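Notes follow once the structure below has been shown.
We just call them A, B, C and D in the order they show up, numbering each chain from 1.
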Amino acid sequence: MSLTDLFGSFLLLLAIPFFWGGSLGLLRFPDIYTRLHALTKADNLGLGLVVAGSILISKEWTVGVKLLLIWLAVLTASTISCYLIANAARKRKINPWKIP
Amino acid sequence: MTIPLLYALVGVVLLGMGLYSLVMYSHLVRKILALNVSGAGVFLFLVAAADRTSGPLPDPVPHAMVLTGIVVAVSATALALALACRIHQVSGTTQLTDNEPD
Amino acid sequence: MNYYLWPALFILISVVVGLVRILRGPTAADRMMAAQLFGTGGVAILLILAQAMQMPSLVDVALIYALLAAITMVVFVRCQWRSHENTGEMEDESH
Amino acid sequence: MENSLNLAAVTFDGVLALVLLVLAWQLLRSPNLFKAIVLFISFGLMLSLAWVRLKAVDIALAEAAIGAGLTGALFLTALDRLQRNNQKAGDSLTSQPGKVIAGISVLALTGILGWTVWTLPPFSDQMLALVSSNMPISGVENPVTAVLLNFRGYDTLLEIGVLLLAAVGVLAVTPSAVMVADSAPSPILILLLRLLLPFIILVSGYILWIGKYAPGGAFQAGAVLAAGGILLATAAVRFNLSASKALPLATGIGLLIFLLVALATMMLRGNYLQYPVAHAGTLILVIEAAATLSIAAVLVLLFVGVKSDADCPAPGEDSKNFIFEEENTIK
């Protein structure tokens, strides 16, 4: 196992906490707006670290470009659907959670 | 017990669950969902059976069958949903009931 | 190469934990968000499986998931969860 | 070392199998239809991981495109139409004895099938060997594409006909092929379209092309393209398929080209769909390109057919296919 493989695997492992953060945040946070915040952590950093790790492990530039495209696509999709959901929720007059 | 066998058995159980729900629930969308789940069960069984070859390569013939099957399943689902919407529009109901309304 | 399956497994389990949000709701958007988390986790798992199973074409599967991730969400926001039309409280489950 | 390697694989497959069963169980018994549909979308995603574990990447690609881009959209719009006058979805059809009888019969059937699967004789590699030995004359390198478009081309030809039939069926029961949204898309959504649509078309072409060498092909490419069409249709304020002149052509062209090739091969070589070996690859690509367009057109048509409803204003005589801004905001 080469050094890049090792570092790649390390990045893959580092991604796991972000996915757990996303899941637990989705479960534990009190309202839609805060849960959206948790969700995007998995999208941005979790997937970003998996992509970075995979680029290091795969070592082929064509695959690397595709991996970067995947990350960009997910970033775009998650940003925009996050906005759409929050906007729709606001229009439905769902109030943000306040400390009781 | 091998991995393909595990998935094949899951496929069989999905088929059973889908069939039971198809018979048990009267709402049309639930019936369509149930059909989709049982279809997925059959596909899963076919693909799992294809992976039981002696070498590392699976058998491509069931793969081709399931591939076309998935596309046909989604178009059949669309047709069924369009019919359900039409039934709802004409009769105002989304259920299939035993008794005639009149 | 199979040791790469471990991170995939942990991400799978974390995604499954998020499943509870689909079951619980309470609003439709919460359920959709959990489904989106399923999608992102799925992309990550596919990328790791591509290394673990030595199948580079799995990256294409992940690419399709990543590209189409927004579509169900857009359909949901524009066709289902609209502000003026309050379709009863189908979101709130009566247990 | 070997043991720990297998442990990871076995745990992964075990968890995945369990998740599939739990998702299916929850989605089937949920009286809340919206929840059932979201569970079904997640079920599709887990299913495509199962295809990957069973080394069926072609199927995983199709499941990805259809599960992410089509199934959810279809069910959500149909549910929106059905719940206009808000009905409860619960309630089983049958009485208590009926329930017991259905339960016992399904359990018996599942038991028999499960036992049959358990005791299946070892797989014979005959079909695999047959396909592998004929690969050099197929014109392509991906065995699934070879089976679909060459060895069993006849099945695929009929299947494209079946898709066309489904489209005709949806059009027959649907009042109009016009979709009307109740608000203009937000600028952010337009931005999403601008960013994603070119990409989706590019990836569709890539998946079509790569099908010759690796997992991919007409069905997957068509489903990806259709997902792009659905995104466009959903964002538009008004999406009128009946005003389109290109659409009937696009729905028919796959079957047409396939039939023409089939007839030509019959005239020249005496056998339906027996391609000349030297040109097999080109012919397959031509058929697949046409089929991609047809599959995409049919799938978009199916979605618009399910979405459109009688409450929306009549088509009118405007010849535009889709409109993004509300008209009164322009003037």
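Points worth noting:
By our rule, contacts are C-beta pairs under 8 Å (C-beta built on N, C-alpha and C of every residue); 3 or more make two chains touch, one makes a residue touch a chain.
Quantities reported herein were computed from a predicted structural model and do not represent experimental measurements.
Greatest centre-to-centre distance from chain D is found for A, with centres as Cα means. Contact tally for C-D versus A-D: the pair with more C-beta pairs in contact is C-D. Separating the CA-averaged centres of chain B and chain C is a span of 21 Å. One simple way to say how far apart two chains are is to compare their mean CA positions; for chain A and chain D this gives 27 Å. Taking each chain's centre as the average of its CA atoms, chain A and chain C sit 11 Å apart. The multi-chain contact residues of chain C, meaning those touching 2 or more other chains, are 3, 32, 34, 60, 63, 67, 69-70, 74, 82. Within chain D, residues 9, 33, 53, 55, 79, 189, 192, 196, 199 each touch two or more of the remaining chains.
Screening every pair of chains for touch gives A-C, A-D, B-D, C-D.
The touching residues of chain D, counted against chain C in their complex, run 4-6, 8-9, 11-12, 15-16, 19, 22-23, 26, 32-35, 38-39, 41-42, 45-46, 48-49, 52-53, 55, 57, 60-61, 64-65, 68-69, 72-73, 76-77, 79-80, 83-84, 86, 181-183, 185, 189, 192, 196, 199-200, 203, 207, 210, 214-216, 220, 224, 227, 230-231, 234-235, 307.
Within the complex formed with chain B, the chain D residues making contact are 9-10, 13-14, 17, 20-21, 24-25, 27-29, 33, 36-37, 40, 43, 47, 50-51, 53-56, 58-59, 62-63, 66, 70-71, 74-75, 78-79, 81-82, 85, 87, 89, 91-94, 99, 102-103, 106-107, 109-110, 113-114, 117-118, 120, 122-123, 125, 127-128, 131-132, 143-144, 146-148, 152, 155-156, 159, 162-163, 166-167, 169-170, 173-174, 219, 222-223, 295, 298-299, 302-303, 305-306, 309-310. Interface residues of chain A, counted against chain C in their complex, comprise 9, 12-13, 15-16, 19-20, 22-24, 26-27, 32, 35-36, 39, 42-43, 46-47, 50-51, 54, 57-58, 60, 63, 66-67, 69-71, 73-74, 76-78, 80-81, 84-85, 88-89, 91-94.
If you check the complex, the residues on chain B that touch chain D are 3-10, 12-21, 23-30, 33-34, 36-37, 40, 43-45, 47-55, 57-61, 63-68, 70-72, 74-79, 81-86, 88-89, 92-98. Across the complex, chain C meets chain A through its residues 3-4, 7, 10-11, 14-15, 17-18, 20-21, 27, 29-30, 32-34, 36-37, 40-41, 43-44, 47-48, 50-51, 56, 59-60, 62-63, 66-67, 69-70, 73-74, 77, 81-83.
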